[in-house]
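Accompanying notes for the structure given below.
Chain nomenclature is as follows: A, B, C and D, assigned in order of appearance, with residue numbering initiated at 1 for each chain independently.
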C-alpha cells in the first residue's frame, strides 16, 4: 500500500461532519483503512472536532482529491491536510553537547522505525564536541551563539530550515532557549524535549534540584515550542521510579533514557500525522 | 444528555461502512458525540471492521432507530447493539473467601464510578466467611459446591442469573473453575480476574511460584471466560514491580491491589459498551 | 516472631557505625533478621548515615536494650528508636467530603494489610456528608471550621490527637490547609496526599487545570506536612497515563485511584518504621 | 575515589555475620560507603545471607585484605569476591541479525554509562548483515553455525571467550539456542534478553502470537543462561502497554525498545557487582 493517504482535519463541531467526510471518500471510490475522531466538548463556548483518516485512494489522483476536498473543507472552515503516508518528512535536528537524543533518532531512522529524511543537523558547538556519532551524509552546521550573535544565529537557523525545506525541527537537547520570535516562527513545526518532575522545578540543574527535593519519580515531556508558554502543547510524556539511593548523577543517567525514548515517540507520532493541535493542547491519535 | 445512545457494531470490512452508518445517523438528525473505529487487517483472509458511536438522538425514538438500523445492519451482516449510555447494567457478582475485589466494586458502584445495578451476590461460602462488608439490599446467595454438587450448583447459578436478568457476571475472585458448559453459557457476559506473571505459572499458589522463580514484575489480567482457552479474550492488564526482598506474602498483598483495580477497569469498560469481541481477542475503545 | 524489634537510626556518618551497632546486637545475643543502611554523601559539608535493623531479641529485655543502646547512640549523636514490629500504630484520620482514601484505609486495616489502630476520625463535615462507610467503633469527631474558628478548631484537633495518643495523623483528603502552627505541631507525624502533575499546577481545581493544559500523565504524592514547604518531604508517588479523550471528570476519577493507593502505601511504610527523615527529604527502606 | 572496593558475599545465615564483616573492615581502617544485606528466610530448611559492601580501603592493600578476609570467609563458608569498583569488565557480545541491543550497548559504553571493555563481538552472520554500526577497534568474529557445525562453533565461541578473558557474555539478540553444555559452561557469566508476555508464549514469532492472543502488555526479561531452565535466574524486567490497534509489527518495534533498555540495565547491574545468585533466582542490590 505504497500510496495510502492520510487526511487530518479539525474544525468547529457540527452535525454531519463524519458523514460528509466519509461519504466524500466513498463516492470517489476511496477505501478507508483507519479512522479516528475526537469531539472536544470541554469548552463551554464551542465544540471542536478532530479527525484522522487513512485511506487507499484506489486510483483516484491525489491532486484532484485535494481540489475537491477544498470545497467541503471550506464549508466547515476546516484546518486540513492530505499527505502520503510513506513520504519521509524532512527533519532538521538541533543539538548541543549531549548527543543521546541525536544518536537515538539517527538509529531509529536507519532501522526504518521513524520515517524521516534528516536534511540538516545544527549545533551551537563544533562537531567534535557535539558528537562522535557517524552522521553519514547529513550536512552538519556549526552555528555558535553568544548573547550578541543570538539574533543573527537564529536568522541562520531559519535560513537552513528554509533552504532544506525542513518540515519539522527537532530540538534534541539543544540547550539554547529560542527567542520569542524564533518560537513563533517554528511553532508547531518544532518539538522540544524537557525533563519533568513532580513537582516541577525551575532554573538550572533540574535533576540536582529533584534529587535535593527527594522526588520518587522523574520524567520527560516532548512538546511543541511556543513563545507564550513555559512548555508548549504536550505531545508525549513518560516517567521512571527512583529512590533515595539514586544520586543526582543517577537521575541524569535515567533521565537521558526517558528523554530519548519520549522524544523519539513524539517524532514518530508527528511524522505519522498523528498529532493535531487543539489550542494549547494536542489530540494524539495513536496507532 | 440523559439520553445519549451508544451504537456498537462489527462486521466484515467493506468500503463505505463508515459513510453509511454516519450518513444514517445524520439523515435522522442524530448528532455524533464520539466515534471510534478499528479496521483489523491482521487476518490474511478477511478484514474485520469495528465501530462505537455515541450520539444524541435529538428526539428520534430509539425503537424506530433500531428498526431502521436493522435493515442497514442486515446488508453488512453486522453484529450490532444500540443501548442507552446511562442505563446501569444488571450485574451478578460471584465471590469466595477473598473479598477485596467485591468490596472495591461495591465502593465504586456507590460512588457512581461504575454504572452498575448489583442484582445478586453469589458465594460458595456463607456470608460470614465471605465478607463483613455492608451489602445493603443486594441479595446474597450462599451456593456451596462440592465435586458431587457442582453440576447442580452451576444450574442454580444460571437460575439466579436468569431470574435477576443479569447482563454481566463478574467473577470477583470466585475460586471455583466453571465447567465447560457453564463457561459456554456465560461466555462473553462473564469477566474473570486472574493473576499474571512473566513467565506464567500453572497450578496452585501462583504467587508462591512467582516468588520461588524470582520474578521482578507481577500483574493481573481481566478476561472473558471461555471453555476452550486457559484465559479467554483479554480486556485489561496491569503490573507492578517487585524485588527479591518481597516475600510471597508481599506478592499476595500487592497482587490484591492490582487485581481489584484491573477488574474494576474491565467492568467499567464493559458497562460503557467499550469492549467488542474480535474472535479470541478484544477491541477496547477507551474513552 | 511476635517480638521482633525494629531499630531505626540516623546520624552524621563516621567509620565504624555499622560495626558498632551490629556488634552491640551480636554481643547481646540478638539475631539480625534484616538490615538496611544508606550513606548520603550528596551534601558537600557532611555525610549522613541511616540504618534500619529488624532483629530477634531472643530473650534480651527491650528496656535493658534501650538503656544500653542509649550510651552508644550518645557517642554518635544518633536520632534513634527501638520499636516492636507488631505493635499497631495509633492513627487519627482526618477527612472532608471525599471519602475514597478513608474507605480504602479502613478496608486495608480490616484485612490486616496495614497495621494501625484507628483511634479517631475527624471531619470538618457532619458524618452524613462525610461518608456512609461503616466506621464500627471508631470515634467520629465533627469539627467544623470557619475562618474565625480555625485557630480554635485546630486546638480541638490537637486535643483529640493528644487524648487518643495518636502517633500518626493521616490527612485522607482533608480539604483544609493547616496553619503553620498546626503543621509545625504535627510535622513528620502527619501524612498528606496530594495530586501531582507534570508540570505542576497551583490553585483550585488542579485536575481541570491539568486537563486544560493537555498533560498525558497524572499522579499523586504522599508527603509529610511542613510549615515551610509547599509539599513536605515526599514518601511515595505514583502516576497513570491519560489521553486527550479523558475529560476533567475522568482525570478526577483516575486521580482518586492513584491517591488512595499512594496514601495507603505511605501509611504502610510509615507504620512499618521504613521512612526516615533526611532534612527535606526521606529515606525509604522498602521491604 | 578511584580505589573504592566492592565486597560481595553470600552464605548460610548465622547470627553475627554483619557484625563480623563490618568489624573486620573497621579494624583495618576501611571506611564503609554503602552496605546492603538481605536475609532470605523463604526456605524452610535454611536461611541464606547476602551482602554487598562498598568501602574505601584508605590505604589498606587489596591483596592483604583478600588474604585476611579468606579466613573469615572460610569460617562462614562464604561465596565472596572483592573487586575494584572502577575496573571495566571484559565483555563479549554475541549477536545475530538484529543489532538494536548491540548498538545500544556500544552507545552506553562510549558515553560511560556502563563500565565495560568490549573485548569481542561474535555473530553467526557476516558483519555486513549483522550491523552497519561503527565497531571501532572491537574485534568482530563471524562464526556461522549449522546443525552439523554447532558443537564446533560453540567450541570456537568458548575459545574466543577464553582468549579475551571475557568475564561476561552478553547475548544481544543472539538467535541461536545454546547447547546444554554451552549453557553450563557460561552459566551465570552469560546474560540473555528475552521477550516476555502475560501469558507467555512458546515457539516461533512470539510477538505475532501475542498479537494473535490480544495481550494488552508486552515486556522483556534479562536473565542468566542455564541448562535446566526455560529462562534462567531473572535479573531485570520491564513492560509497555499496547492496544488492539497495535499490529504485530508495532509489537516488534515496541519490543525492541524494551529489550534494549532491559538488557542494558541488566549489564549495568552485573558490572557494578549488584547481582548475586540465590539458587534459581537473584538478589539485586540496586544503587
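In the analysis below, contacts are C-beta pairs under 8 Å (C-beta built on N, C-alpha and C of every residue); 3 or more make two chains touch, one makes a residue touch a chain.
All values derive from a computational prediction rather than experimental measurement.
**Student:** Which chain's centre, taken as the mean of its Cα atoms, is farthest from the centre of subunit C?
**Tutor:** With centres defined by C-alpha atoms, farthest from subunit C sits A.
**Student:** If you tally contacting C-beta pairs, which pair wins, A-B or A-C?
**Tutor:** It is A-C, judged by the count of C-beta pairs in contact.
**Student:** Whole-Å distance, subunit A centre to subunit B centre, using C-alpha means?
**Tutor:** For subunit A versus subunit B, the centre distance works out to 36 Å.
**Student:** Go ahead and note the Å separation of the Cα centroids belonging to subunit A and subunit C.
**Tutor:** Here subunit A and subunit C have centroids separated by 41 Å.
**Student:** I need the residues of subunit C touching at least two other chains; which ones are they?
**Tutor:** 38, 243, 245, 247, 286
**Student:** Could you draw the chains as nodes, link the ones that touch, and say if you get a line, ring, star, complete or other?
**Tutor:** complete
**Student:** Give every residue of subunit C touching subunit B within the complex, in rising order.
**Tutor:** 100, 103, 107, 110-111, 113, 132, 134, 243, 245-247, 250, 253, 256-257, 261, 286-287
**Student:** So in the complex, the part of subunit B that touches subunit D is made up of which residues?
**Tutor:** 38, 40, 42, 196-200, 211-217, 219, 221, 230-231, 233-239, 243-245, 247-248, 278, 280-284, 286
**Student:** Given the complex with subunit C, which residues does subunit D contribute to the contact?
**Tutor:** 15-16, 18-20, 22-23, 25-26, 29-39, 41, 241
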